[in-house]
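Scrolling down, you'll hit the structures one after another.
Two complexes come next, and they have one chain in common, chain A, joined by chain B in the first and chain C in the second.
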Partner chain A sequence: MASQAPTLQDTRATRVSGLRSFFNMDGVAQALVWVAGWAIVAITAVLVFELWMNSAETRQKFGFDFLFSTTWDPVNGDFGALPFIFGTLATSAVALIIAVPLGIGASIFLAELAPPRISDALTFCIELLAAVPSVIFGLIGIFVLVPALQVMVPWLKAGLGFLPIFSGAFYGVSILSAGVVLAVMIVPFIISISREVLMAVPRDLREAALALGATQWESTWQVVLPFAKVGVIGSVFLALARALGETMAVTMVVGNTPKIQASLLAPGYSIAAVIANEFPEAGGIQMSALIELGLVLFTLTIIINGAARLLILATETKGAK
Partner chain B sequence: MTAALSFRRKATNLTMLTLSAVCTVVAVGVLIFILGYLLFRGGSDLSWDFFTKLPVPVGETGGGMANAIVGSAKVLLFATCIGVPIGFLGGVYLAEYSGARAAAAIRFVTDLLNGVPSIIIGIFAYTLIVVPMKKFSALAGGAALGIMMIPIALRSTEEFLRAVPNNMREGAMALGATKWKSVATVIIPAAIRGIISGMMLNLARVAGETAPLLFTALNNQYWSPGFGNAIATLPVMIFTYAIAPYEELHKQAWAAGFVLLSLVLAVNITARTIIASGTHKAR
Partner chain C sequence: MTIAAALGLSAAAFAQTQITGAGATFPNPIYQKWFSEFRKAHGDVQINYQAIGSGGGIKQVTMGTVDFGASDAIMTDQQITEFKAARKTNILALPTVAGAAVATYNIPGVASGLNLTAEALSGIFLGKITKWNDPAIAGANKGVKLPAADIVVVHRSDGSGTTFCWTDYLAKVSPEWKSKVGSGASVNWPLGLGAKGNDGVAGQVKQTPNSIGYVELIYAENQKMPFANVKNAAGAFVKPNLASITAAAAGVAKTMPDDFRISITNAPGKDAYPISTFTWLLVPEKSADANKGKVIKAFVEWALGPGQAFAEPMTFARLPKEVLAKELKALAKVQ
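Right after this comes the complex of A and B.
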């Protein structure tokens, strides 16, 4: 057998296996997935690079004054970011004031009280709310929320009008309107993440509290929540990062006025909204200013997101111990 | 004294628990309100013309958004071509190939990219594609949405692959399969339902994105041939029509909102049901 000349089939077999090792599917596949994995890092690096390079003109011209100047004058080429930074932070703050108690309250109900089936069904609904596109929230904001606020704000002013934040005329579009829309948009994130964090709290802690005679609420408020505190705060940070970067819904109801006013009833402007409105027609130094605003927003959200992930990670590992 | 104290504790208990239930009802109520209101407003303004006709100039009645529906489909198609392969293969790399440190680094960057506001992704696609091409295009819009898809595509693929039990990997290896053969013929098929559902959710998420399209795909009153021209999309149409001061356009915006939301929610419900039924079987 061994001395026989190779048959046709034998040569084909060697040729095929030769081809196989030449192409080496294993190696090709490994190279391919490696490229895809690191492509994400490359894309993110190029993103940062582009933001940095394309904002060079205003960064050099205004330096750090860009962050503290309140002028936004595209005609004379004078740009400052402060009104937009203020508007972004103010709308997000209003959103948090409404969404945090609502979200944490609902997550307590879903994690501690509701029977698993009802909790799952309601969570499903709430996660659907998170899937609603932001432009739809804007649509509802313009045509439902703003008219509703025009009815409600006079009552608010009658009761709390002495506070500077509720002073002045109200035209419908305002920091307050944008904050309320944002609140509705971020509540689902707070609920679904906080619920998961609360459910990760070990069962024995609850049982121990109840066995010591605590009521259900006392067990939740004094034992479960303190244990899950860091993770719940993480969910709030994550929601905050979303609120800061949200564009469409804010653009549609915030009033688009680059002024810093104490009253929440006054119109304002946010970083994302000014980019959305002015970018398509901008050129030259105005575009550079808008991209620098983008860089400011990028930095803000990166910091908040990073903090959120660290906090959530910290609680989840704590629950696992 | 004890009785009073215990009454106070009982009352607090009842009040706070009721309040937490009220919070849930409010959150779910908002969803039901949004759905109901869109159905009411959008449904009544919806007609067959909406799907078959082009937009008409202000002042004329009728017209539709046929070009925007096709436009959204084209932009999403291109986005899928970018986001799904990179995200999927990247997810395979993290779950099956990479070392722990590389995986941690890539995961960190992916989460970072996922947190970047969509309007900034729009600026990125603008500088990368619109500036060199010197015009707004479906390609630029698709690229922006594609980049937005990558992080979630990667993380969901990785998660579903990691959920595949290790003994399947060992079984494939023991039968003499090479690494790639075991990944391609055993592990990926075991996770494919979840991966596809994850991609569907991902697509539904970017389908409603408006901000990154504003200055990449821009808008168009007419049909946009090919991929190299400015193109109308449903979300951008909703935005433009909603802020315009004409009642006729507002009606169209509601109808478009109704269509967009129905599509997004239908995909969401289907994908989530598939994922849920899959996990039940695994138990």
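Right after this comes the complex of A and C.
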């Protein structure tokens, strides 16, 4: 009996320690994060599967022509995605052209120049801006931005009207208006992430640059910003993803016209906007076309995210040399 | 039930019943009013209605997720076949009230009273009439100073029963519209700006000088927006209002088919406003739950009878007597 006792205790001890390590949360936590991690993969997979299955009708009927056709005719069941792809990319491009310089400039100010108290207060305001529902931005677009643009566009046309992108009649709602509203919506993302990234740059680097005789601007531009480049690019792509998928604010100011026109002053249409507009009353093949548009938007986002990865990879290897 | 008895109402008692419906947004205000009024007489009946759009209403009643549907658009043969296949019973599409789409405009110097012919309207929306002082418009507006400005067309961007009514009218009066564009809840517009909802169209028209768009009559009246008189099939310029919409409904009473699937756009009759439409309640002939069938039948009977009195104060056009009588006869089939 005496010889058996230790064995029994041993087995019990190992079992208890196994149980303890499970119950002292290690195991539970591991299981939870494992589930959380794979849930994201599963959700994405289900999403793609559903989009793929439910768009079968138009995929079979139009094939790749769906991507290049400019007709969108729900009455006769003839669908093409090109005007929507164009509108989505054009509004997002306008948004980035405005938001990137503004956002990076503001984040440099907040991280490098502003006194900490002002920086914190402004950052708080910017994060509030990021939490505003998009329909509010759409309303501001309609009631403030569009009337303001109607005053400003004649000047723009007087100066730059010879450019095809500023030609033609302007009705207030346009690719340009949607781009400007999107810019206001995405700039908080660029600012708040870029600011965090810039603040994370080690203080030693700045001090070393200044000690070598660099001015504050030289230190920021040549030392801090290159160091933080990956994070800043990341913030821009996160902002772009938001711009590509934005629905409400865009549909309220873009003019909802599925045409490809060179002028930014002309109305356009985006993928997300047409899905939101037509989905509730759609049936049959129109439903399938709208779901395929969702698939196109998903693919577009994947391509852009892939490009972002490649860009980050390229800048990293260059930095290593 | 006790309350109903105490109030001395001659209501037949139902078992505690919950009915759900879904569909068109346009009649939502009058339907909600009807449900609450009906509940006053039948305390044990609760009807929930989700205004999710006509297409959604047809879909949901076909799938059996709701007890009845509602639609601003006429159910197509294919939709009816699908319903029969899914639910093993027929569906009754019963007009409940009528409404209209009106042409609202923003022409500097023209505060109200614009007259538009069918040729002018279809020409504008096809992009063939591009200026306000075009003879096709000016001819019907003697003494009105129309500007030589470009017309800006505004239409709905979201799928809607109002668009169905509007394009159904244009397809009837213009062969070119019929072949080029056709009619539907959303169509391939030859030109114009798309705006979301009645409020979107109204806002865009208000903000854009020399523009024209279409909204529901109720919406234009609430927003105090000007809207055009339209020349009807009998050749008279008619102001859209409840009386002229009811007149359009009366215009088709004689030719009303047994399934009530008839459009009242471009209806005959001197007083008929030509861009009018019914809105339909979609009731399965045989409900899965017999008690629910009984309740729905009682409700529709009430809505088509005493319920009609609630329509006009809420800016919905009531249906003419002949149509109501024919519907009540058809309702006998419901169980």
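List of remarks:
As a working rule, the second predicted complex is superposed on the first by the 257 of 321 C-alpha atoms of A that agree within 3 Å, B and C clash if a C-alpha of one lies under 4 Å from a C-alpha of the other, contacts with A are read in each partner's own complex, and residues count from 1 in each chain.
Keep this in mind: a contact is a pair of C-beta atoms (placed from the backbone, for glycine too) under 8 Å apart; a residue touches a chain by one contact, two chains touch by 3 or more.
These numbers come from a predicted model, not from an experiment.
Looking at the shared chain after the overlay, A:Pro280 reaches both chain B and chain C. Shared-chain residue A:Leu129: touches chain B; no touch with chain C. Contacts of A:Ala169 after superposition on the shared chain: chain C is touched, whereas chain B is not. In the superposition on chain A, contact of A:Ile40 is made with chain B only, not with chain C. Contacts of A:Ile108 after superposition on the shared chain: chain B is touched, whereas chain C is not. After overlaying the two complexes on the shared chain, residue contacts for A:Val146 are found with chain C alone; chain B is out of touch. Judged by the touch definition given at the top, the superposed model places A:Ala90 against neither chain B nor chain C.
Between chain B and chain C, it is B that contacts the larger number of residues in chain A. The contact surfaces that chain B and chain C form on chain A in the two complexes overlap at residues 142, 251-252, 276, 279-280.
In the complex of the two chains, the chain C residues touching chain A come out as 52-56, 58-59, 79, 150, 152, 157-160, 181-189, 192-196, 200, 203-204, 207-208, 211. Against chain B, in their complex, chain A makes its touches with residues 25-26, 28-30, 32-41, 43-44, 46-47, 50-51, 54, 101-106, 108-110, 112-114, 122, 124-129, 131-140, 142-144, 184, 187-188, 191, 215-218, 221, 241, 244-248, 251-252, 272, 275-276, 279-280, 290-291, 294, 297-298, 301-302, 305-306, 309. Of all residues in chain A, only 71-76, 142, 146-147, 169, 171-173, 251-252, 255-257, 267, 269, 273, 276-283, 286 touch chain C in the complex they form. Per the touch definition, chain B reaches chain A in the complex via residues 9-10, 12-13, 16-17, 19-24, 26-28, 30-32, 34, 37-38, 41, 85-90, 92-94, 96-98, 102, 105-106, 109-113, 115-124, 126-128, 147, 150-151, 154, 178-181, 183-184, 201, 204-205, 207-211, 214-215, 218, 235, 238-239, 242-243, 250, 253-254, 257, 260-261, 264-265, 268-269, 272.
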